[in-house]
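Two complexes are shown next, each including chain A; its partner changes from chain B in the first to chain C in the second.
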Partner chain A sequence: MNEIYFNVDAGYLEGVVRGYRDGLITAPQYLNLTQCETMDDLRLQLATTDYGAFLQNEPSPISTSTLVARCTDALVAEFQYLQQNAAEPISRFLDYITYGYMIDNVILLITGTLHERDTHDLLDKCHPLGLFDSMPALCVASTVQELYSTVMVDSPLAGYFRECLSAEDLNELNIEIIRNTLYKAYLEDFYAYCQGLGEPTASVMGEILRFEADRRTVNITINSFGTELSKDDRTRLYPRLGNMYPEAQTRLARADDMDQVKAILEQYSEYKSMIVGVSLHAPADGDGRGAQSLEDRFFGKEVQLNKDAFEQQFHYGVFYSWLRLKEQEIRNVVWIAECISQQQKDKVGSYTAIY
Partner chain B sequence: MAETRTDSTTTTTPEPQHDQRCGEADSELLAALEVLGEYRAAREASSAALRQGFFDLAVARRSAGYRQISAGMCSGSARAGATVRVNEAAGTIGPVRRAADGGSGSSGDPLLWFGGALGTPPALREAQRRFADALDQLAGLAQLTRRLAHRQAAARQAIAVARASAHRPDEQAQ
Partner chain C sequence: MAAERDNVFPTRMNLTVTKVRLRGAQTGHSLLKRKSEALTTRFRVILRKIEDAKLKMGRVMQNASFSLAEVAYSTGDISYQVRESAKQATFRVAARQENVSGVLLPAFDADVHPGPGQFELTGLGRGGQQVQRARAVYTAAVTTLVELASLQTAFVILDEVIKLTNRRVNALEYVIIPRIENTIAHINSELDEQDREEFYRLKKVQGKKKDRAAAAQALIDQDAQHAIDDGSLPADSAAARNILAEQVDQDIIF
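Now for the complex of A and B:
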């Protein structure tokens, strides 16, 4: 029955996002980009892509920071077009996607204030998709209670603060714990919401979000090695969903080094093939297509899941998947630009091609 | 006959003095070339450390996000964590001294600016290590630059003295 009524609310937007998907950079275009010798050559090649209009007014020579900013502007413009033309229930789904960016902006403002950055500079650095009205007031808060009671209680993230209220001071360690706790609550809430939307959105988004939870679990584990974070605190930051919940998470919580992480992942069929040949201790080196890092494998798996979402129709997952593929495309373009500007042409092949 | 008299009136021959000067010039030149070799090796090592550091930084930015690791996230109260004392009068450059608290104001480790205790990817820590190594090498490079300049000056002076001693036998013969 979903197929009959889907196009009434979301048919136009699905058509638009599939058009956006067709504008993604293809493998032959990536090859042309990797053969550029200078940033100006790269800009010339990007002129035929969706980013051309956003780069044409930038003065030469263009820096990688400017490239990131303009590419993000292109992504934001396209997503905001979808939001402006969305009605319920699709608008709520698109709002859910923006909550992740809101969390990043909240943490950026708090961290910047803690390190005595200017408020206006910090607001300029926030992601445009994660802006909300009371954001400037975040800079005056000094404890979590104050943060919640003065600012967050009226924001879409209010419900996610429930698990953070035990933290008192906003220092570096607590801020990171707050970030990961907020994102954990957001991911669980988004997952529950998608399951409530019914098929096929539930299955498409469910698979993508479970993978996202697993990736966060592994990243939290790896990033916490050598830090003050206790193993109990590490467990509390793991999302309560995903293929690794609860058994693998229990074992990862006790891991002390990368070799143990690899040994645990090898016991799960979904991740065993991802671990084969991975270099645990360094990013890709050599000719750029040699030993990949675990992160590269995660990027590749994420791209595959998001591409598969377009194989079905009449679900909301295409909007989420397009956004993630677009973000991966920006990472690829900026990576190629960094390799060109740093004269590291042997590493330029370490991007994750999409189509 | 005059030539014989000229030959018999000379008390010290000029060749040994000239040879001695040439030997000294050779020694100074070799010493300068040795320092130049050390300088080139140090320069290549520091360039390699910086190059790898910037590459690791690019990897970290791709991993953690370009907004999280950016110049805009640096602390407004940052202090130098490492210093080098330069004595212009004496022409000396001291070793790198690191602050006990890591500098960087009240935050300690500068990595905390970019994601705190958990948000920094391993590549960022690796980049920090490489930049710290590069800093030590660059301080050594600055010291080598001074030594090289002194050696070059000494070699030029020794060569000039050797050339000057080469002209004197001709003048005396005339």
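Now for the complex of A and C:
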């Protein structure tokens, strides 16, 4: 029954987003990009894509950091257009998407406040998608205590903070733990919200978010080996959802090395194929990108899932998927640009192509 | 230049002094020459090492900045976070001194505190492995940099010292020693000249004395002849005269 009324509110936006999707760089275009010898060539190639307009006014020797900034500008402009034209409940859905960026921004500001830096400079570094109205007010707070009690409660993230962190935690916990705790709360909340939206959004988004949760679980497990993070703390950072929740998570929580992680992942058909031929041990020497890493496989899988989201109609997942694909695309472009500017052309192929 | 010599008074004492100086200069010259050779050998070794280190650095730095690009690909921008969470240096440089033939060369040692460091949790949710790898690669890169810095400093200082030593060696060889030798030759020739003068003078004095003695004898002989002619003295008596008794030589005093 959703399908009948879907186009009333969301038809236009879905059309726009599918149009955006067609603007994504395709495999032949990627091939052209990888053939470039200089950054100017790359720029010329990019001029035919959606980024062309944003790169137009840059002075000629373009650096990769400017490229990132301009590409992000392009992404933000498109997303904001969607936001401006959105009505309930899509606007709410779009807001949910931005919460992830907000978490990063807030963490950035907390880091600044903890080290007593002038947080005004940090506002520029914040991701534009994660800006919210009371954001500049965060800079007023000089102590973490103040930050928590006066400002954070007004932000959209207040719920996540209230649930899992106290003001003391902000001072004592490692900033990464705070970030992951918040992100976990966000994922759970977003998942619950998507399930409440009904089919087919629930199933499409559910799949993507479950994968995201699994990916975080595996990553946190792998990255916490050999660090001060205790196994209990590790368990607490796992999102309470995903294909691996709860059974495999409890086992991952007890895992001590890569081989155990591998053994656990092998029991899941969707991940079994991913870990085949992947060296789970991070090579210590410089050229680690020879073989595909697990991270690359995760990126590939994410792209696959997000592409699948476009196969269905009448659901909100396309907005999320488009944003993720676009982000991946920016990463790809930047990767290619880095390879070109650093003259490491042999590794240029390890981007994750989308279409 | 070769005609230059020290302005000394040509005496025997100065000759001895100058000869001692010559010996000193020659010893100094051979010592400095050996020092310069030792330094040059060392210099060549360092030069080779620098070449290797520079090539290696090019490679390592490329790797390092590329691993940072990998981090950017998988994790995003973490620079601020890493900067803020770094509280204690895990990589320190210790300086010590090395003695090469009397030249003090500063040498730098990288002192890496093992362990994951303060930002071990960075990228926990995403790309933590890449972050740690970038960290390892950069540690290696900085180690190479320190190595290179050490070599480069040694290179510069050694270069300076070798130039200085060579300058001294050359100065000794081409200026000081020839000048001292010239001085010695000069003193010797002056002394010889003095000797010859003295000899000639003595000869002259003796000649004069001989002339004078001959003139006096001639006078006496004349008187005696007069006396014989007068008949006041018999000719044979004059002949039988005791010469030893009447001729008293003056003592010769030099």
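Just so we're on the same page, the second predicted complex is superposed on the first by the 320 of 355 C-alpha atoms of A that agree within 3 Å, B and C clash if a C-alpha of one lies under 4 Å from a C-alpha of the other, contacts with A are read in each partner's own complex, and residues count from 1 in each chain.
We take it that contacts are C-beta pairs under 8 Å (C-beta built on N, C-alpha and C of every residue); 3 or more make two chains touch, one makes a residue touch a chain.
It should be emphasised that the depicted structure is a prediction, and the values quoted were computed from it without experimental measurement.
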{"item": "Partner chain in contact with A:T98 - chain B first, chain C second, else both or neither", "value": "neither"}
{"item": "Chain B versus chain C as contact partner of A:S321, first or second or both or neither", "value": "neither"}
{"item": "Touched partner set for A:I175, first chain B, second chain C, both or neither", "value": "both"}
{"item": "Touching partner for A:E228 - first (chain B), second (chain C), both, neither", "value": "both"}
{"item": "Touching partner for A:W335 - first (chain B), second (chain C), both, neither", "value": "both"}
{"item": "Touched partner set for A:S155, first chain B, second chain C, both or neither", "value": "neither"}
{"item": "Contacts of A:D118 with chain B and chain C, given as first, second, both or neither", "value": "first"}
{"item": "Touch count on chain A, higher of chain B and chain C", "value": "C"}
{"item": "Touching partner for A:T49 - first (chain B), second (chain C), both, neither", "value": "neither"}
{"item": "Common interface residues of chain A - those touching chain B in one complex and chain C in the other", "value": "68, 104, 108, 111-112, 115, 117, 122, 125, 175-177, 179-180, 220, 222-224, 227-229, 237, 283, 295, 331, 334-335, 338-339, 342, 344, 347"}
{"item": "Chain C-touching residues of chain A, taken from the complex the two chains share", "value": "64, 68, 104, 107-108, 111-112, 114-115, 117, 122, 125, 174-177, 179-180, 183, 216, 219-220, 222-224, 226-229, 237, 282-289, 293, 295, 299, 331, 334-335, 338-339, 342-344, 347"}
{"item": "Sites on chain A touched by chain B in the complex", "value": "65, 68, 104, 108, 111-112, 115-118, 121-122, 125-127, 172-173, 175-177, 179-180, 220, 222-224, 227-229, 237, 283, 295, 331, 334-335, 338-339, 342, 344, 347"}
{"item": "Residue ranges of chain B in contact with chain A within the complex", "value": "51, 54-56, 58-59, 62-63, 65-68, 70-77, 105, 107, 112-113, 115-123"}
{"item": "Residues on chain C engaged by chain A in the complex (per definition of touch)", "value": "60, 62-67, 69-70, 72-74, 76-77, 80-81, 84-85, 116, 120-130, 132-133, 136-137, 140"}
